[in-house]
Amino acid sequence: MTTPCTIELLAQPFEPLQALAAWQRQLRCGCEGPGTDRGDASRVEQACLPPAEAHFIGRVRATTASGAPLEALELEHYPGMTERQLVQLAEGCLQRHGVAAALVVHRVGRILPGEAIVLVAVAADRRGPAQRCGQELLEALKHEAPFWKREWSGGVGGWVEGNTAW
Amino acid sequence: MAIQVRLFASLRERAGWSERLVAVDGLPATPRSLWRQLHLSDGAEAGTGRAGQADALPQGIRVAINQAFAAPDTPLVDGDELAFLPPISGG
Amino acid sequence: MTTPCTIELLAQPFEPLQALAAWQRQLRCGCEGPGTDRGDASRVEQACLPPAEAHFIGRVRATTASGAPLEALELEHYPGMTERQLVQLAEGCLQRHGVAAALVVHRVGRILPGEAIVLVAVAADRRGPAQRCGQELLEALKHEAPFWKREWSGGVGGWVEGNTAW
Amino acid sequence: MAIQVRLFASLRERAGWSERLVAVDGLPATPRSLWRQLHLSDGAEAGTGRAGQADALPQGIRVAINQAFAAPDTPLVDGDELAFLPPISGG
């Protein structure tokens, strides 16, 4: 069986669609029982992906909050606590919405404009819980997981206090 | 008793250090009392001008004890890891 | 420039993550101006993907609405009107939410359990509009685009009247 | 005038045809009058037992004229494509 929550903090750029593909493979693996018929394996695997999947990808903007060209975003975190918080937030969200599985991938360190900074994916039996859980988890990690953004522009770094409005 | 104190982001930069083992004599020690003891409001833009508030824990600052959020008046015990967290901006 | 709304009706199985990759390539292409510096091209392309992207994938369940094993879903549509309606719904949704681009991929014909039946993706400047527009567009196409589902189980086909609750 | 009438899904199966060119003599012709003229309620489970309602356009059925949703009392003109749509279930 796979864990329902997968949390990844990455110091290097990642490709969200590849991360989703790896997560889907993991979800399918959890379904393969010992009695799986060889010839029917691919169909059994397919049928095991939950009926509803909601994703969100966040990318770094090309400008700072004040509109200046952004050179890079620097993302500080609290090693240990950040991972722990993300797991807790995801597990709480899964239980509240009765959802099958969740994936959170989050960048740390130096991130360039256009690079993906966050990916949240939720797999569920129905579209409502999948979408609601995905939204709630994204808001939760933006406000409850210890991450701090610093915008670098013109060689000067400025800490971002708080998030943009939903 | 000894408390491991950690600072992050703007707090770390303002204080000029990120991690420090702090010996505490008087009891009970709390995150609020350590904030005062370590003069962590020094250099902050807000609140410094008003008498009696100079060392108060500012509103936006959150506290973690042993890597879990905690109230600022939680009693600390020997060996605790205490962190002061400026406003979060993730995702 | 790319069209902000991409609508595809497919009679064959599709892989949602591949469809998303193709859509992202299309979104990037729309940004390449004639003055693009050769050496900086990949970074310029990256930066052109909007900061917020919300996706939804719907797959065929393994059971009918009444809980019997599902052999296949048959999806009838109104050729011409269905495409037209999807374009109208997507364009209205984009305008209401001030969103940059939307993709709708929908299967027609015979669909097996586990296969993707619908993919909705929205790219926007902010997470709120991306998520809200994606949800609204999914509900709109479920209720306002002429599609009719027939569940096949035990060799018998039954028309599905209405949708599951959100 | 001639109207191209199309039926879908359960309506198509119940009627036994999917597309038919219908000649209309009396005016004004509307989707509602064509539904009656073609006896499209025949075989429906609901409404057939009550006098005067046997040929009424059932509540869940929607109408499209020239591939756009339209009201059941919209006047039809020669060459229109009229479709009767059972409850939608997409996505």
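Letters are used for the chains, namely A, B, C and D, taken in the order the chains are written, and counting of residues starts over at 1 for each.
Methods note: a residue touches a chain if its C-beta (ideal position, glycine included) is under 8 Å from a C-beta of that chain, and two chains touch if they have at least 3 such contacts.
Here the structure is a predicted model, which is why all the values come from computation and not from measurement.
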Fewest touch steps from subunit A to subunit D?
2
Where the centres are mean C-alpha positions, what is the separation of subunit B from subunit C, in Å?
49
Between subunit C and subunit D, centroid-to-centroid distance (C-alpha), Å
30
So, in whole Å, the Cα centroid of subunit B is separated from that of subunit D by 73
Numbers and ranges of subunit A residues touching at least 2 other chains:
58, 138
Set of subunit B residues in contact with two or more other chains:
none
Touching chain combinations (by label order):
A-B, A-C, C-D
Residue positions on subunit B within touch of subunit A in the complex are 6, 8-10, 13, 60, 64, 67-68, 83, 85-91
Tell me, which parts of subunit A touch subunit B in their complex?
58, 75-78, 80-81, 84, 106, 117-118, 138, 141-150, 159-163
Residue ranges of subunit C in contact with subunit A within the complex:
17, 20-21, 24, 43, 45-62, 112-115, 126-128, 130-131, 134-135, 138, 164-166
